[in-house]
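Before anything else, here is the set of structures, which you'll find just below.
What follows is a pair of complexes built around chain A, which joins chain B in one and chain C in the other.
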Partner chain A sequence: MQHAVETQSLTRVFRPKKKREGKVVTALDSVDLRIDRGELFGILGPNGAGKTTILKILSTLLLPTSGKAYVAGFDVAKNLLEVRKRINMVSGGEISGYGLLTVRENLWMFSQFYGLKSKEAHQRIDVLLEKFGLRDKDKEKVRTLSTGQRQKMNVIRGFVTNPEIIFLDEPTLGLDVNAARTVREFVVDWIREDSSRTVLLTTHYMMEADELCNRIAIIDDGKILACDTPHNLKKLVRMNSTLTLSVGGLKDINDFSSIPGIDNFSSAKDAGGNETTLRFILEDESAVSDIVSTVLGKGSKILSLQKTEPTLEDVFIKLVGRGLE
Partner chain B sequence: MSEGPLMRNLRTIRGRAYPRLIGSTREPSWFFFDVVLPLFTIAGYAYVYRFLEADAEFIGYVVLGGAMTAFWLNILWSMASQLYWEKEIGNLSLYLMAPTSRMSILGGMAVGGLVETTIQAAATVVVGVIAFDVIFSLGSPVTLLVVFVVTMIALYGMGMMFASLYLLLGREAYHLSSLMMEPVYFATGFYFPVRSLGRWAAAGASIIPITLGLDAMRQLIFPVGADDAFLSVNTEIAVLCVLCVVFMVLARYALRYMEHLGKTTGRLTLRWQ
Partner chain C sequence: MAVRNDLRLLKSSAWLGWQMEANWTDPFLFATYSIVKPIAGTLILVFMYLVITGGETANDFFSYMYVGNALYMFVAEVLFGVTWVIHDDREHYMTLKHVYIAPMNFYIYIFGRSAIKIAITSFGVLITLAFGVLALGVGIDLGAVDWLLLTASLAVGLLCICILGLAMGGVSFLTAKHSIGINEGLAGVFYVMSGVVFPITILPSWAQTISKFLPVTYWMEVVRRAIEPAVMEGLAASSGYDVTGMGDMSNLTLMLLLLVSAGVFFIMSIGVFRVADNIARKKGKVDWTTAY
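Now for the complex of A and B:
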């Protein structure tokens, strides 16, 4: 069966205009992906990992430096029109459209670039506005919308052309909890309605990837580190224990990596910088006493200590050696 | 999902023209900024000609020239910088990703700008005619329409070419617009017959389609216009037709080059670059 998306040794290198202006950046390094039709596929990685670069190449906005990429069987570097007819893309934090136009007018305008008849476009707009709870906003100028409402409009813009394959680049970025849930529920329903539809989602929200995706590729520094179902990915750390500590007044994390029995660990400070969350993936549970001793030895206070089930975040820490946030 | 490429491109033109067309109805202040304010410049030149006791046609030249400046301003500040502005607000990548011709998107911008500006120019002519008692003597409305149409196609073709070039220049493009504004006012003879500059200077200025368009319109609208003409109307129509083809071809080439460069370097779909 033809894959919805396929990449073969996809590589993208960004070179500065002049040598003194910066260094050469390898955004993608021999990426191989195969995404089947009907899949909701996630690409999970930190900022700068190469997620958006993949989507830009697949959506014909960027050429690969080497390697191949196919969308619906068409080469993205050669069969641009065939690819473009079948895709759409939505980016989080997008501010596209014209503030002077109403929500409906903006959506209609973008639908015209895909050749939709006006009547058909308005029917689809009606359905989608209803689903996203924006029915009462359709005659309001876009410049009067809140950030969340505007992002919902952008999501509708991507789906109004009924693409075979949609690329969602951090679609819930900056949305409040309810708006993000609406988007996630819609995406799941949309792909369930038709098995030929495909969603390629990039995110750095672990929970979102875990909840939505059939399969996930974990990417860092332009390389795919693992690609499997969330369940199978978690198996990578199932043999390990996961320990989470909240620590007050921790000044450094220098000594933890030398403790025997720790596979990998991450640390994250809270907004105030007083509390640190340490997450350890343990090869040997006897390491717990050494961890506790080390924390106390630094004059820090243990606020909580918890042994947890492995999550995608643990998989990420194991593979990358640091947390996502 | 949709019909063939022709309908898709026609719908693209209609869709992209829409914001321009609807924009003027939602911002009524255009009448003050785009019709009333330019009248001060027109009035300035008109009173100079009156003081010098020049032929009445000269005041007509000024009103016509004043109305036509709206098109040049639209090209410089709206059409030429449009793609750069679209990039800044995040629309450009959506345009480039759509399964439609980029020329249709630019064409939609041009059609919207042309209609919007024609309304402004017509309002300027009407107010100018009433205010300064200008007398028109229109012998051949069809020829006048032909001159106007080919002038606009050539002019907006030039604007479409500028749109791609400005995108490559980035923020520097605004300086280019400033640089081209006043010299073009002078060289194209917005307020006086371009022949006064001498044959060679007028020939050089003819690269801006408004130069020949205005010269031909003056000949067709004012009784003594032919006396001040640079070239015959038929010759000017022929040259304008050549300019239409040249600018459209260059616009297409510039757009392709810009898109290829953008896809190679990755800079055109990133904001602030």
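Now for the complex of A and C:
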């Protein structure tokens, strides 16, 4: 099956006009990616890692220095129109828009650039304004909107044309918690509605990538360091899960060490002696049910339970040798 | 389907252009501005002429100069308007990258956006000519106007100016700071070399050779012949020589030369735009915002 996006040794080098004005920057270094239709694919990396450069090339804004990039099977350097018919792009933190037009006029204008019939465009705009909570703003001039509202409008602009493949460049950057959640929920619903749709998302929010993406590529200094599902990426760090329980009325801890799948465990009583904190390092996650059964079998009450797993941040630190920000 | 989409694009981009040109103030103020601006601009030249000639306006040369200056508004305003689309979308509204990646004919978008500039400029030219006829005695007789020639020459000439603007728009992709200067420079070349306010025969011979490659030269001549035939005949008779350097050419010949030179400039402009577009994509300048 044809990939939604494919890159082959994609390289992009930025050279300064004059040598004294700066150094040569390799924004992308032989990047190979294959993204299937229906995927919500994330590119995770710090600022300046090359995330936006990939999207610019895929959206026909920028030519690669070498290598190839295909969108829906079309070469982005040669088949511009065919690529453009199938894509749209949203950039986060963006305040673009014709400020003297209303929100509806702005969205309608861009829908016309994509050849949508006016009536159909207005219907789609209505639905999206409702979903993003901007229905009451549709007749307001864009210049009067807050930054967050303006960004939501830009997200709508990207989706109103119903593209096959959408590029989201840090779409929640600068949005408040609720607005960011609205965008994330919308993206997940949008891709679920139609299995032929594809989302390529760049972010430097670990949680966002973890929550949304089927697969994630971790990029740093223009190189893809790893590409897999979030679950498989976390396996890379080989870090054991940790289970922490607060237990009331625990009389002894004798049986815990014999439960299979436990690498190590420790216990600590609070000052009053009524509550015990048990901390298990798990080799095998199936040990969780045995631990819980054992605690309950001793007539004790579980007051709280927390399981800690390796995060994408752990993966990133392992691969890059430093944190994301 | 493609034609329908192009028409839809032309309509919506023209509407956008109208909003940008006219939406900044109330209709009355906009109408006042549209009338006062071209007349005020023209009066600068008129007063200079009056000072030099001692207040003499009742001659063919004044009409020649006045009409040329009025027509030049098309060159300056339309050329600037077309170029400004790219500059404005990129630097001011920051929408260029979204417009650029839309699956549309970018040329149609630019012409749609510029269409309103042509309409507003046409209004300004009409107002200026009417003011000239009524207040300054410019020799235009509506009964003597060759409407067919005027329509044909205006259509070809304006299309040619738009296409030239497209080339300048391409340059805008590459330079935010200098694009306006380059544009004004090109408009200035036409002003001096194309017989706008004085006949090209005044120029040195090498400059006259350049003039004869410029479509605006033929456009000025043929439009003048269409709207002020008596002035052109009077000018030739009073000077005793081929004062415009094109006196021996028929209207048909002039139209053909206009078409040929416009065709050459059309090909050159499309070429310049494509090359500039490609360089901009190579250098990553399409979505560049310089805040200039």
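Things to note:
Everything that follows uses one rule, which is that the second predicted complex is superposed on the first by the 255 of 325 C-alpha atoms of A that agree within 3 Å, B and C clash if a C-alpha of one lies under 4 Å from a C-alpha of the other, contacts with A are read in each partner's own complex, and residues count from 1 in each chain.
Here is the rule we go by: a residue touches a chain if its C-beta (ideal position, glycine included) is under 8 Å from a C-beta of that chain, and two chains touch if they have at least 3 such contacts.
Given the structure is predicted, the values throughout are model-derived calculations rather than measurements.
Under the clash rule set out above, the superposition-derived model of chain A with chain B and chain C contains a clash between the two partners. In the overlay built on the shared chain, the residue A:S96 is in contact with chain B and with chain C.
Legend: residue contacts after superposition of the two complexes on their common chain; A:L81 is shown touching both chain B and chain C.
Shared-chain residue A:N162: touches chain B; no touch with chain C. Legend: residue contacts after superposition of the two complexes on their common chain; A:A226 is shown touching neither chain B nor chain C. Touch criterion not met for A:I302: it reaches neither chain B nor chain C. Shared contact residues of chain A, touching chain B in one structure and chain C in the other: 14, 56, 59-63, 81, 84-85, 87-89, 91, 94-98, 100-101, 105, 108-110, 112-115, 157. Against chain A, in their complex, chain B makes its touches with residues 1-3, 7-8, 11-12, 14-16, 18-19, 22-23, 26-27, 89-91, 93-100, 105, 262-266, 269. Taken in their complex, chain A has these residues touching chain B: 12, 14, 17, 56, 59-63, 81, 84-85, 87-89, 91, 94-98, 100-101, 105, 108-117, 157, 161-162. Every residue of chain C that touches chain A in the complex is listed here, in rising order: 5, 8-9, 11-12, 16, 19-20, 23-24, 93-95, 97-104, 109, 278, 281-282, 284, 286-287. On the chain A side of its complex with chain C, the touching residues are 14, 56, 59-63, 81, 84-85, 87-89, 91, 94-101, 105, 108-110, 112-115, 118, 157.
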